[in-house]
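Letters A, B, C and D name the chains as they come in the text, with residue numbers starting at 1 for each one.
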């Protein structure tokens, strides 16, 4: 389905479900300061929907995290979940973070979301909108329309999509997609693994030293939902407000990646929102890759009753020395 | 260690050390009386590393490869695969072919299915 | 018997030991007078699964050059399953540190039972030698926490010089 | 601000010879919060302890650091001393400067430096110690024994003898278990029923024992000392209080072709039945699957003939809820399915039987009245082949990886008894190994060979083929003769692997008791705590823990009872205060902690919280039951938010030690 077709179907269903009382609110996306600057928003009436609700290739934001708070409120909320959002949603259900009965989840198909950074990198500025035409995106700008190959504009995470299937939903718009995880998403991790330790250190120092500790990655992450984050808790012994030293930059990202290991659905939001363009998803994917290789394929959010590999074990698990022996031969 | 033993183990994929010496393989073997070395002996002799002893034995060609022993072995040792691996080692030696093409016409017998000869040739020659 | 390189570098090594097996194993190596380097300092924890990856990072931050975690052999955990979780957590943590380019040999997990005094001493000796050979931990240290940073010639590898 | 006292022990010369104890005391005396730092020859001596006690009183110490031998040696000694002086015992920390310092280092300067660092780490930790008070919980002085076989019976009797009430829950209509089905017992050959039934009767008569037969455990909550268990009492359709066990109904019931499970289906019983003559309780039960009255409302004969008016077709399952201090799992074993081994033709021929069936065939109360007859044609078998290790010692794909332990002995018994009673019978035993460790066991096996002429053949049976003439062709190998044998047998007896009761797995889940991959209950420690489950308050008796014979089962049952009695004798249980606790304000309710807890100590509930904006919010939060938690700390690391911490080994304490060492 095209974005505008999906949008029309969503709007219709949203109004119906509001009208028949199934839900009293809708979480979707609204336009921000700029057309590509789309943010999640809650709508309560058909009028509000008509006025603000949008859906296009810029609506990459994962709304599942917002449902933690929204599902605590009275009444039921309608959400539209792209396949990758529904993995996050399902993982949050597994962790009892969302009250399922207060959410009506509609799965929507997704053929990938545009990455404004890539569009800009292609020299397109003054973006005012996006639509599709076959395999191309038509980006409208203040200076007229520009056409771009779809694959040139898609976000990295969409180029190696983990699934087009919704592991959880109440109803679907369109047909259920195929569940064909693309192993290409580990290519970059694998490339880093083949580097020498020195090269990897230099690579990550170069990336992590740009961290300004804005906490955007943490705030957007659907796995980072702690009531009180360890980095904000003086009693944790690791609380920090700023990354004052190279150690703290590493520390923050290692701990954050470790905390979400086994729970991260690889939605890629961390890298999307990073103002410094640090490829944070490569940390999470490293854990996912290691878990898959060491403990068997596992996708957080795939099955609601699945046990996070970090709170699970088998008697025959690899010993930690596998890390030391790796690459020695 | 012992090269031949390693080869047999690698080719057969069998874990001969798992054998608990119950003899069920030999108990179940339909060719038992034809064989000089019986399935359990194959396993044991390979485990001891005496593969040469087996290479010259006619027993290699008495095994029907019926896999009854593989099916019955309670320890998953797969004796028939050991026999097969030893036989392959023997046949892969220079001049080790058990059945040569010019021997086939003499074997042709109207009552014998052609398939059997093809199979035998595949089994007894490189 | 500290491991000293020609440079006079004495690494700081933290060893987390579970109370039931490895700490007892360390006691046994003491009872048997099996020596290992004095720069290995042991911290007692109830079970290896008590050790949070944060403790590893904290030790490196504060100036440790090597951190080792010892627990009961898998299957022998006093709490039945603790060390199985430890094994997964530490494997993944070490892999991540390695991925970030931090010398993989600075971290180690060893299973040492209460009867393995000999193994404990040997493990600590080999680990201390390995760390001494690696030299000071620069990649995962907080320079503000290292009094000896200057004398040891450690500089922030970022090169930005903004460390206080 | 803490006031810390440091006490450095010389341990004679054990420490003082390598560590400059004066220098250590002096250096540590300069640490923040340290108000007194002393050294003494033997801190653990009476006078050494007095020194500590006096200092606690004189200086008003809030924390004590003792630099001495391993805490595994004297931590308790010093904690007690502190408590006597009015200091919370958990305000004491030990720096191990003997085993981990003076004994392993030779250079005095180096050892002294290390001792100071270890002392500093202990001081840093004790700064953050908080007084801990061991929680107390009451003990319900009643035990539950799940399973009424010989293991459960013995455990229950021993507990009852000690004066505590015990309930036995048995899923079958009678207690007695497998032992009631056995004919004779090795190696003494006394009659199984003769030694078991008096114990069954004793159970029934003991005032402290209540037998809940035909019942199952439905749910378990609570923890050691305070379990609440709901028990389902399955409908018997016979009023237990009225039935006299006269058995008239079981004679008059028109439904005659119900396979009799007590005789393993080798004969039939009625739809209303009493499992066997010595059943306890001796109360009839209606098999609802066969009863015409219950199936289609037509019959009612049993009700008419019952003079006691005990039959009640309207009975339904009822539930009993009871509190217990201890729970014993004694769920026993079953015979594994041998029909999966096609080669033995168990499902093709009636004359291929399991050893338990053989027991029934030789038992006077069995289907043949104790005469050994072939199930197929009722003729006397002249050649009998016993096959050992059927399904035992296999790869997991092929069967059970363990040795069933009892088969060697009972087969020797069967073979011996057969030869004794029917000397004209040829008896072959095919074995892989004969395993007879046990008092008088090997002697027994040798008698079977030497006195009774049983043919023991080292080798396995490859195939059992039923032949048209009714015999069974047994093809086997004789490994010593290096021959393949072909024996024409009349009866083949399979020593089937035993396996834990099918109900054990679900029970383990209810009890949060762990199991191994074979579904045997795991013991708290394989050597030192063999009759306890890792879950406090849950004990193990008999085969449910692993294969064992009757004498071993009874020993374990009594050992288990001793442990239960020890627990029930206490009025209060004092817990280990070094347990985990969750900060509700930080808890996400994600269940990660509960997933790693080996004791099931963590539960969740929805709690209301006042928010800063004066609204209330309901959140799912974890709660650690301090009586169940054993303090491993697995949860503290599994918790992403850091809500979970461990008293005595808190995050901040461990990090303070790290800092002190790395400084």
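Miscellaneous remarks
Convention: contacts are C-beta pairs under 8 Å (C-beta built on N, C-alpha and C of every residue); 3 or more make two chains touch, one makes a residue touch a chain.
Please read all numbers here as calculations on a predicted model, not as lab measurements.
In terms of the stated touch criterion, the partners common to chain A and chain D are C, listed by label. Path length between chain A and chain C in the chain contact graph, taken as the least number of steps between touching chains: 1.
Ranked by how close its mean Cα position lies to the mean of all protein Cα atoms, the top chain is D. Farthest chain from chain B (centres taken as the mean of C-alpha atoms): A. Here C-D and B-D were compared by C-beta pairs in contact; the pair with more is C-D. Each chain gets one centre point, the mean of its Cα atoms, and the points for chain B and chain C are 53 Å apart.
Chain centres here are Cα averages; for chain C and chain D they lie 38 Å apart. The geometric centre of chain A is 58 Å away from that of chain B, both derived from CA atoms.
Averaged C-alpha coordinates give centres for chain B and chain D that are 47 Å from one another. Residue positions of chain A touching 2 or more other chains, listed in rising order: 230, 236-237, 310-312. Contacts with at least two other chains are made by no residue of chain B. Residue positions of chain D with contacts to 2 or more other chains are 596, 638, 651, 655. Pairs of chains meeting the touch criterion are A-C, A-D, B-D, C-D. By the touch criterion given at the top, residues 53-54, 57-58, 60-61, 74-75, 81, 84-85, 87-105, 107-109, 139-144, 156-158, 160, 163 of chain C touch chain A in their complex. On the chain D side of its complex with chain B, the touching residues are 343, 389, 393-395, 397-399, 432, 458-463, 475-477, 479, 482, 484. Touching chain D in their complex are the following residues of chain B: 18, 20-29, 32-33, 38, 40-41, 68, 72-76.
Remark: chain A residues 189, 192-193, 197-205, 209, 230, 236-238, 244-248, 250-251, 254-255, 257-258, 261, 283, 286-287, 290-291, 294-295, 309-315, 317-324, 326 touch chain C in the complex. Residues 70-72, 96, 98-101, 103-107, 110-111, 113-114, 117-118, 121, 514, 522, 525, 534, 578, 596, 598, 630-634, 636-638, 646, 649, 651, 654-655, 657-659, 661-663 of chain D touch chain C in their complex.
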